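Okay, got some structures for you below.
Below, chain A partners chain B and then partners chain C, in two separate complexes.
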Partner chain A sequence: MKNLMRQIKNYPSAVAGLAIILLLVALAIYAVTAIPYNEAVRLWRGGDNVWLETPRNARPAWFNWFYKEKKPVTIVRRTTDESAQKTELDLGGGVFIKDTILEFDFNYDDFPTELAIFFTASFQAARPNMNLVWVTPDGREIPLTELQVRANESYRVSQDSRLERRLGAKPEIGLFADPNNPGKPLKGTYQLRAEGMVFEEGSTVDASLVVYGQLHGLAGTDHRRRDLTVALLWGAPVALSFGMIAAVGSSLTTMMLAAAAVWFGGWVDWTIRRINEIVMILPLLPILIMIGLFYSRSIWSILGVVIALGIFGSGILSYRSMFLQVRESGYIEAARAYGAGNGRIIFRYMIPRILPVLIPGFVIQVPSYVFLEATLSVLGLGDPVLPTWGKILSDAQSNGALMNGYFYWVLEPAALLMLAGLGFVMLGFALDRIFNPRLRGL
Partner chain B sequence: MLNVETTQAPAGVRHRSAGHNLNRVLKYTLVRGLTLLATVVIAVYLTILIANGGGYVDQMRIGQIKEQVIVAMGADPEMAHLTVQQRRELEEERIRVRIEQLGLDRPFMVRSFEYLWNGLTLNLGSAEYLLSDSGSRQVRNILGERLGATLLLMATSQLLLFFCAMFVALFLSRRYGSLLDKIVISMAPTSAAPGWFYGIFLILIFAAVLGWLPFGGMIDAPPPRNPWLRALSIAKHMILPVMSMFISSIFSSVYSWRTFFLIYSSEDYVEMAKAKGLSDRQIERRYVLRPTLPTIITSFSLMLITLWVGAIVLETVFAWPGIGRLTQQAINLFDTPVIVANTVIYAYLLAVTLFLLDIIYSLVDPRVKLGGGGTRA
Partner chain C sequence: MPSVAVKPKQEQAKAKKPVLKVEDLHTYFEVRRMGFFKVGDVRALDGVSFELYPGETISIVGESGCGKSTLAKTILGIHRPTKGKIYFDGQDLSTLDKDGWKKYRSNLGYIMQDPYGALPPFMTVKRILEEPMKINGITDKKEHAKRIRQVLEEVKLAPIEDFLPKFPHMLSGGQQQRLVIARAMILEPKMLIADEPVSMLDASVRVEILQLLQGLQRKHNLAIIYITHDLSTVRYFSERIFTMYGAKIIEKSATKALLHEPLHPYTKALFEATSDPDAENLKTFKDVPAGEPPSLMNPPAGCRFHPRCKYIIKGLCDREIPPEFAARSDHSAACWLYKDRA
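Coming up: the complex of A and B.
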């Protein structure tokens, strides 16, 4: 093992590959600990209330480093915040005025994408009243609307067509536009005056203002407002475990079969080779598609089928020729002489002998399975609940991400897939040279 | 599969008699053809078993029968003066009779062989949702319309790939150890990603950012009238998909083929030929390329298997109107007959491709001609 590490050091590509793999493993461990499985599934399924306060199709926030004109990020202000300026006035008879001023600085060079206000209220019978006034940095006061608040209420400012007609522009633009230069937003401190009135003792009304930006978080969001970070993080453990289990599973079983074919010879060998010929040219993907469609889309049942079909494969022939050599070696004869059984000879003496040769092949195989998962996802047969890299690509593809210029949506999962692929293949190629000295000269 | 462990064949041996050789080649081809046919039969049978695991083939057949009966009754003027109730009873009665006639109530094992025959002859009835461009609902017509596009795309890229990879590999084996050689070799890991993956990048660069080439599809809309302009338009749409298949496979093929060339050019008989004073070109053609070709064809046919299957997604990504895209559309619509038919057609396409390569293999492999155990298929 120590020797192996020393040899790996001689191959810069192997070191790079190993570094990439370790990085992905670290990412996978972080993902699993930071976002537990159930939480990841819940976030990715994203019911109505999970992604209420994230913008749609927003680019990653760090894009602002490269823009000369800064794009807005999402701003959220709540009346329950410490910083909110509250005034309360008792009018008697259980009627209270609860005014709150929500204040935020807007110093960006572009307009937000949407504007919404969400309310929560508690009351017995009489619904609280809320009057909303927008105050621009230059002191203009624009009344938005007045409404009776239910327990949960939302006011999508951007969809208010009356307001739009009044402003002569879409609300998210009209409310921010500079009167002297309507193409640009006015920078400065904006205020939302939420003038509440409750009609019962102990009744409350709260509002939160969401100014949806054009950028969001580390990875941006998709068409369903989901933060892509969740899926990018969780894609790592899924891809790694799918790729590695499939590669190990199919190589090990293939090897056992090859060993059995060589050891028993005769009709066993013949049958295994014939089956191999057939399975090798079975159209694997169409069969997987049918299984995904008719039985189960779960990534784990697909994994089982992949391993089952991968037992027979191109590897069996090369293992066979290796085992043919092993069978003739002296220590096998010695084992037979002391009366070792078939199983013992195959598992204790033959397979351990060629395991080292197996390792490079197995490492090189991992990416093909990682990409297989992505392939199935792009065809719309991805796991129904798990967030994976392939599913992000699939969403991006079906929503015309490239045509609409949402390049980040495609490039982020693609970069991770490529990274995983390169890492394993680079390491595998180098290992191949270490374990098969014949190749070293070439 | 083809014989992978090609031993060092004496390449310069002259042919004995032409008739004898032809016989060998024919026999080899025949055996391979039969093996591949058996594979197709098994693949289709497996498809039927999987598809009917959820009773889908049965549903497909019953759906077909219902439609036939209803259409037949709708066309019958006698039916016009029956009440709705009577009509429905008559319908059910006729459907039941028809199901019995066709033997759908027999055990599945018996029926499965009938389905196998229907599958092999692509006699799969009508699609549930999809239509062919000419408006037909027959699965066979839908597939037939799409097959041409797929064949055009695949044949172009496979031929391009084969010849480019061979020339580059030969070229690099001559300049073994040069900077160019090292660069190409270090690119080999890029083949870990399938063609469609590079397709996304190519679309991004050439369609979205630069705007030089179309995002996808096969021809401009509306299609040009002039046949030359038409061909040009198709060629323009083909550049990106062909390029993405090319990029995803070229480096690893060059890498492994170059290795084959290097192994074979270090044989004694090559040294011997050099000593005889033959030109480099002659040595390459007769003593290096000739014995390496069978190995290369074997590795090429292994690669083609992945290429064919990868085409499903590639066509989806490029909206290329072939059978791969059809598969994806059928998945989205859950159109069972089309999906089953697609699996069958892929089995056929794979087998035919491999069969063609096998014929070429038997023509270039000296052992097949000499009968040195070439028919160990």
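Coming up: the complex of A and C.
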């Protein structure tokens, strides 16, 4: 093992590949610890209810580094924030005035994509009243609306057609536009005055203002406002575990079957070879599609089928030919002479002999299974629950990401998939050279 | 080659019970066509009988393909005999159950021709020596260490600590063969089967290995079956020599008697063929019988050597299988030439 590490150091590509794999593993571990499975599934399946405060189809926030005209990111202000300026006035008879000023700086060169205000209120019978006034940096006051707040209420400013008519533009543009230069937003400090009135002792009303930006987070968001970071992070453990379990599971089982076929010979060998010949002509992808359609789309059942079908194939024949050679080794005969049983000979004497030669093979196989999972997801047969890289691609494709210019939506998962492939392949090729000295001169 | 003195132990051994007794042993391998249809048998062993006593060495000589190794492997239980019986310490092997076989095998040591092939290349020396003990139910670590120390001292692989973590490819050919012997000895067997143990070693190491085997034999009163086609080592090493030809033992003899006067024409030819580093050999013509070893699928009728034999008695040798004729008390040959001497 020490020797192996020393040899790996001689291959820069192997070091790079190993670094990429370790990075992905670290990412996977981070994902699993930072966002536990149930949380990830909730976030991914939650849709609009979970992702109230994120913009739709927003590009990653760091795109601003490359834009000359800075695009807005999402701004959220709540009346419950410490910084909110609150005034409260007791009018007697249980009636209170609760005014809050929500203030934010807007220094971007482009308009936000949406504007919304969400309310929460607690009351016995009389619903609190809320009057909303928009104050621009140059001092104009634009009344937005006045409403009776239910326990949970949302006011989508962008969809207020009366306001739109009043402003002569879409609200998210009209409210921000510079009167002297209507194509540009006015920079400065905006205020939302939330003038609340409650009619009961102990009744409360709170509002939160969300100015949806054009950019969001590390990875942007998709059509359901979901932060892609969640899926990109969780794609790593899913892809790695799927790829590794499938590659190692099928190769090891193949090896055991080949070893058993060679060792026992006779009808065992015959049966295994005939089954292999039958399974070899079964097409993997159509079978997976059928299973996805009729049985289950769970990633684990797909994994099981992939392993079961991956066991058979040309691999079993080449392992068999290697084992035929190993079977004749003197040390196997010696082991029989000192009483080793069949199981011990197969697992302790035959398999370890060819295992090192095949390790590069597993490593190179891992990405092909990762891609298989992505392929199935793109075909719409991905796991319905788990966020994976393939699911992101699938969503992007079905929502016309490229046609609408959401290139990040396609490129991010694709880049991670390619990175995973690259890492394993670079390491695998180097290991192949280390384990097969005949290739070293190449 | 320096001589390794052997005390004639045969007489005292005869008085004891044989450790191994082989009776009319046949091992056939089926030849099938397309995996199903039986075409015939390869008769690799065709009626072999002998007895082996504690502390005794038997050499089995013969050309390639005469069944020497099949005999070893049948005794080891790697091949099942088609017919005939093997008794070990009076116990019939065909009546043994799984545990009985295990116990029997732990009483056998097996030394092979190719020491490197005989050692699993992915195991360390320590692991190689532990394997037989683990398989045969010795689980105590202290006992493992004790026995490993003991056998490595016996085969003179020292310093022991240096060897334990090594892999077989790090050892020289002689060291590898010592390790193979150590592995064969670790279960404290009663009998060793050495199938051409020195033929792949350097000439300089051969004597050491043979001396080592002899030392072990004296110390543990081992019975040894020494299989070889190298007649030059036989004379220093064994009490009795069996010659095999065409799956049968054709001559059994005490070493001295055989060296003095081989009886069977084949044995004569075999000795004739032994090369001695002597300049005179340039001038002499070696009278080696022409022809090839017999097919074991369709062996010749009668004596299997008759197609190559220059003393052939027409009408007898090519018709009837010669029985064993005891020409002397310690020397018998399966050859019609000696029917009158019996």
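Just so we're on the same page, the second predicted complex is superposed on the first by the 438 of 442 C-alpha atoms of A that agree within 3 Å, B and C clash if a C-alpha of one lies under 4 Å from a C-alpha of the other, contacts with A are read in each partner's own complex, and residues count from 1 in each chain.
Methods note: contacts are C-beta pairs under 8 Å (C-beta built on N, C-alpha and C of every residue); 3 or more make two chains touch, one makes a residue touch a chain.
From a predicted model like this one, the values you see are computed outputs, not experimental measurements.
Overlaying the two complexes via chain A leaves chain B and chain C side by side, clear of any clash. Residue contacts after overlaying the shared chain place A:Phe294 against chain B, while chain C stays out of touching range.
Of the two partner chains placed by superposition, A:Asn342 touches none, neither chain B nor chain C.
Look at A:Gln397: by the touch rule set out above, it reaches chain B but stays clear of chain C.
Touched residues of chain A were counted for both chain B and chain C, and B has more of them.
Look at A:Thr80: by the touch rule set out above, it reaches neither chain B nor chain C. Contacts of A:Trp270 after superposition: chain C is touched, whereas chain B is not reached. An angle of 60 degrees, to the nearest 10, separates chain B from chain C at the C-alpha centre of chain A in the overlay. Put simply, the nearest alpha carbons of chain B and chain C end up 11 Å apart when the two models share chain A. Those residues of chain B that touch chain A in the shared complex are 1, 4-5, 35-36, 38-39, 42-43, 46-47, 50-51, 53-54, 56, 186, 188-194, 196-197, 200-201, 203-204, 207-208, 215, 259, 262-263, 302, 305, 308-310, 312-313, 316-317, 327-328, 331-332, 334, 339-340, 342-343, 346-347, 350-351, 354.
Considering their complex, residues 13, 276-278, 280-287, 289-291, 293-295, 314, 317-318, 321, 364, 367-368, 371, 374-375, 378-381, 393, 397, 402-403, 405, 407, 410-411, 414, 417-418, 421-422, 424-426, 429, 439, 442 of chain A touch chain B. Interface residues of chain A, counted against chain C in their complex, comprise 270, 329-331, 333-341, 344, 348-349, 352-353, 356. For chain C in complex with chain A, the residues that touch the partner chain are 35, 73, 76-78, 101-102, 105-106, 108, 110, 112-114, 117-122, 131-132, 135-136, 180, 183, 187.
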